[in-house]
Amino acid sequence: MEVVDIHASCDHEFIAKVEEESEQKVRLCYQCGNCTAGCPYTFVYDIPVSQVMRLVQAGQKERLLSCKSIWLCATCESCTTRCPNEIDVARIMDVLRHMARREGYVAEKNVKKFWDTFLDSVEKHGRVFEMGLLATYVAKTGRFWTDMELGPKILPKGKLSFKPHEIQGKDKVAEIFKRFREMQQ
Amino acid sequence: MKIGVFVCHCGSNIGGTVDAARVAEASREFPDVVFTSDTMYACSEPGQDGIIQAIKDNQLDGVVVSSCTPRMHEPTFRRTVERAGLNRFMFEMANIREHVSWIGKDKEANTNKAIELTGIAVEKLRRDQPLFAKQFDINKRVLVIGGGVAGIQAALDCADGDREVVLVERESTIGGKMAKLDKTFPTVDCSSCILGPKMVDVAQHPKIQLYAMAEVEEIGGYVGNYEVKIRRKAPYVNWDLCTGCGLCMEKCPSKKSTDRFNEQVGSTTAINIPFPQAIPKKAVIDPKFCIKLTKGKCGICAKICPTKAIVFDQREEIISESVGAIVAATGYDLFDISKYGEYGGGRLPDVITGLQYERLLSASGPTGGHVKRPSDGKEPKTIVFVQCVGSRDKSVDRPYCSGFCCMYTAKQAILTKDHIPDSSSYVFYMDIRSPGKMYDEFTRRAMEEYGTQYVRGRVSMIYPQGDKLMVRGADTLMGTQVEVEADLVVLAAGAEAAVGAPQLAEKLRISYDKYGFFMESHPKLRPVETNTAGVYLAGSCQGPKDIPASVAQGSAAAAKVLALFAKDKLENDPMISLVDMKRCVGCGKCVRVCPFGAIKEIDVRGEPKAEVIETVCQGCGLCTATCPQGAIQLSHFTDNQILAEVNALCQL
Amino acid sequence: MPALAGKELRIVGFLCNWCSYGGADTAGVGRFSQPTDLRIIRVPCSGRINPLFVAKTLLSGADGVLVSGCHPRDCHYAEGNFYARRRLEVFKRFLPTMGIDPDRFEYTWVSASEGQRWQKVVTTFTEQIHKLGPAPRFGFAHEQNPATAAAC
Amino acid sequence: MSTYAYYPGCSGLGTSQEYESSTRAVCRALGVKLVDIPDWSCCGSTPAHTVDHLLSSALAARNLALAEDLDAAAVITPCPSCLTNLKVAVHRMSDREFRMQVNKLLDKPVDRSTPVKSVLQVLAEDVGPETVAEMLPHKPLAGLKVAPYYGCIMNRPPEVMQFDDHENPMAMDNLMAALGAEVLPFPLKVECCGASYGVARKDIVAKLSGKLLQAAEDLGAHAVVTACPLCQMNLDLRQGQASSAAGHKFQLPVFYYTQLIGLALGVPQSELGLSKLCVNPRLALDAMHAVQAEKREQEAKKEAAKQIHKAKAA
């Protein structure tokens, strides 16, 4: 196991940034583990959420931004709701994800691709085009649709439209994305 | 007038961020100041001797010490100047520690501020007058409020000190929480075996007057002379006649009454004696459940009672008592676990509080000491204990540690193994707090000898699965989520202030913290005194405390009462209001405003005038701020003095 | 002595001995750092405070006055703070007629245990006064501008 | 009753068509007036807030701005995911600074703070289970054992959602009880079903949804009732995947609560969309009818016995 020099490796700037963007004080966490206890996703996490909190306190940026957990958090709000110190843990998970994106870390590529494809669809049509979303996702991941067996279940129900639901204001929605990107620069 | 100014460094406490020498030097410029010096520790023996020497050498008429808060050392220095022959009121203090050096970082600003605060103290001192205390009689009886173990101890110690004691308990029996416990840590001796005899002593002590089912209604007066009104609720039984035979309980048909003593584990009869060792051992009817009192029918108990003690039309009564001192010992209550929806508190019958579990363990409890879970009466084999429920949790506004639940959880885990040898116990904890004599050894025994599994982490949710309870928690040391299927879950519900504690504090005119616990005068040096003279604290009404600490405080409070009663006369605080007869127009406004009834209207040659009863006045100054003529002035805080302070700050 | 030139304004506090003065002590014991402008005058009870003291203080050149007592119902003398509140509430409404910005005067409650609250009260009030700037000077109080006078 | 600005959400046009149509039908039947937000756009759902909170709020806020012109009592939506995004946007925009930032991204700025509610909240609070019960004295769903499942974000975090109990919500329970259904105390009401990981990580959904289905089955439920398109899809469409993961075949119909209310109120089949469900709803309805039939039979027997008794006595 790696020995961590807790003085030298603590990235204070990172801690400050997480605190600023999430508007949460990570020092309030006393490591009770309640968030981990309640998190339905612990079974797929590489770092349980209470340890994510601990690593933020210890300023371990690299380990955090490269972990899988931040991509697998479903924002179910269990941790936020039950944290005895009223820390919005889910929001910290979100913020870590934002940072990972900005700095080019993606530990769960398919999850990111799915979300990106979803937003592309919104940007393009104003609303999500479910069928198009699936098609693009399959194309992007280069994986054949893993849910193939669901096809016969859902297609006959006539629920998935083969045509996007375009809206009049779709340019306005696209504009939101555009302005957002400009603002980011 | 000749004034001396002494500026304290308090080691580096003041000296670190205030230039004490410069404060002393600058003070020389103030009017009437003839001597200044700076000293390392003003309150130390050489420090005080230095002051005395300077008074004598320079024939000083008054002294200013610039140091810590007057709430700490004003009495100390008053005694110092008295030893040098001055009147103790010819002394002022400037608070340059708590209000300056400890809160400001800028040394220059601090020094400037310290000089100014010293300046206003000098201006006030220039207008001080020697004041002399009056003596008054003291009523050497004591009121103890709350008959838990702390109140019992205080009452017995005072009574053994030959003082009359009035003990007021709101339940129908004394004993408090300790009476409900099975065994007690760290010795695991039976609670009622050690408390029972003390309770009997209370009942039999000729110096103790016990009022059970009673609460304090109103408190008037002041140290040495309190007037107390006590409201005694109606038990619907004439207690002079009731022998505690219990025949009525056997026959009462209303069997679904709330069983308060057993923490609502099961129910009881409408007429009830809470437990066999109750003191007083008298029956009480719960009017909410008595068929006679709710529907007019029944009356079986009245027929059966051999002494004809039942009185259905009994009314509550108000009793007056005069006492000289009061001990508050009203204890704590438990956090309401239903606030934790995720634990199913109050919803799932097999999720219970620690105190309920004590009743299940107790041989005199509703299950006769056989641990049976409430839902189906089965003996549980897997028991999960969850610590810090309603403690150390900001989200439910209980950030404090309840102090004793780590220990009682360990105790309950040990007792569980004794009761059910083939059981497994799990304790979810965040930290184990066991800082007492033999305490840590005790929790270690729970783990090492009794095989209790301690899991470091909080529990997030508890939900039923079949006839079991699924407990989902974390083991932070293992770094993972864990689950246990339990038969019974015991929540270590934290302690909170007793119901009604703030209201009682207001009647006693003592302070309480934001959670309702009573405030002591000083957290370290005056732990059982309050800021109201003659009112003392004992036990967990001041903050969660285990039995040893509660008993120690009961005795400490008794010692304070006995020390107070060792004097035959008390001296009043001479900082009282006085009326200037020439100015008073007899409007009576001050008479009406005084909260203590300390001003009476007198007749001076046919004209109404106000007069202050010196031993009654508490020195609040409300009258002074009210009088339209400026005729009534609070000594030591006169209008002139306060305005001189204002001027010193503003008009230079 | 004037307030420290350029750094401080003149703020005077009237605090009851039992609650707020104790709260200020608690803040000190807890080392809760605060701006240095405030000078505290200790009185037994907020009920002792005659509104005229506050008026006099403001007219004499103070830039702000803070009165603090026990929480309602928590008065050491039973009901002193109740009278204080009534008087000071009326007084505050009366301030504009005296040509004084009512924001220069605040009254509040802080108990002896509330060190942190005291820190907040002082910090906020001091900020508020700094926003208002030095009070306009009344001719009769003094000629000299305290802000330019040398420290002690 | 007031008029509400209605935000259907994207899935209502596709995978949750039956939720959409049954919601409209039930609202009509219960006198809840809906006015669609004209030209509404996607709220951004989960993907948006995983990218950035400002972008996420702006996508939601575009709709809030459009709704302002409708002058409605509240913006309401059937979908908890949309609800969360809209509510969080409103919540955060109470901070002026943040609102200004959001408005910078929008063509039409948000001026006021509009209340946002779920359709469930309106039905539970503004209509109320008592009203529903009064309309249905014959308790049409008697005998149907349901496990109400709220999903993780309908009530959480409580500071933002401000609706019902966040650990043990009861709104749907009470509505179902009003229809006469037997409501089971479902212990995992607010546990997560796997959310939107169905496509990228279906193993997660299979496991989490499997837990929920197992708990409902253990209670003896005839059906699960949901209020969320994603939950419904995970539990219904992906029930087979959950079964394979659990190594145990689940056969639990998963209704939208609006479908059951609609069924009880006699809303036409075309609007209920029961045929759009994957696990055959008949399984549950047949069980219900069986219970009802048995009960009728028992009552008839009792009645007969009484008659005989009377006759004998006479």
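We call the chains A, B, C and D, going by the order they appear; numbering starts again at 1 in every chain.
Keep this in mind: a contact is a pair of C-beta atoms (placed from the backbone, for glycine too) under 8 Å apart; a residue touches a chain by one contact, two chains touch by 3 or more.
Treat the numbers as computed from the prediction; the structure is a model and nothing was measured.
> Pick the pair with more C-beta contacts: A-B or B-D?
By number of C-beta pairs in contact, A-B is the larger.
> Whole-Å distance, chain A centre to chain C centre, using C-alpha means?
50
> From the C-alpha centre of chain A to that of chain D, how far is it in Å?
The computed centroid separation for chain A versus chain D comes out at 25 Å.
> Touching two or more other chains, which residues of chain D qualify?
Residue numbers touching two or more other chains: 166.
> Please list all residues of chain A that touch 2 or more other chains.
Chain A, residues with two or more chain partners: 43, 78.
> Counting only residues that touch at least two other chains, what does the list for chain C look like?
In chain C, nothing touches at least two other chains.
> Kindly provide every pair of chains that touch.
The complete list of chain pairs in contact reads A-B, A-D, B-C, B-D.
> Write out the stretch or stretches of chain D touching chain B in their complex.
165-168, 185, 187-188, 215, 218
> In the complex formed with chain D, which residues of chain B make contact?
Checking each residue of chain B against chain D gives 340-342, 344, 347, 461, 463-466, 470.
> Can you list the chain D residues touching chain A in their complex?
Residues 10-11, 13-17, 39-42, 44-55, 58-59, 62, 104-107, 152-153, 156-158, 166, 190-192, 194-204, 207-208, 237-238, 240-241, 275-276, 278.
> Enumerate the contact residues on chain B facing chain A in the complex.
342, 392-396, 430, 456-461, 472-476, 479-482
> Which residues of chain A touch chain D once you look at their complex with the stated criterion?
By the definition above, chain A touches chain D via 40-41, 43-44, 72, 74-78, 80-81, 88, 90, 94, 97-98, 101, 108, 110-111, 113-116, 118-119, 122, 126-128, 130-131, 134, 137, 146-147, 149-150, 153-154, 157-161, 165, 167-170, 172-173, 175-177, 179-180, 183.
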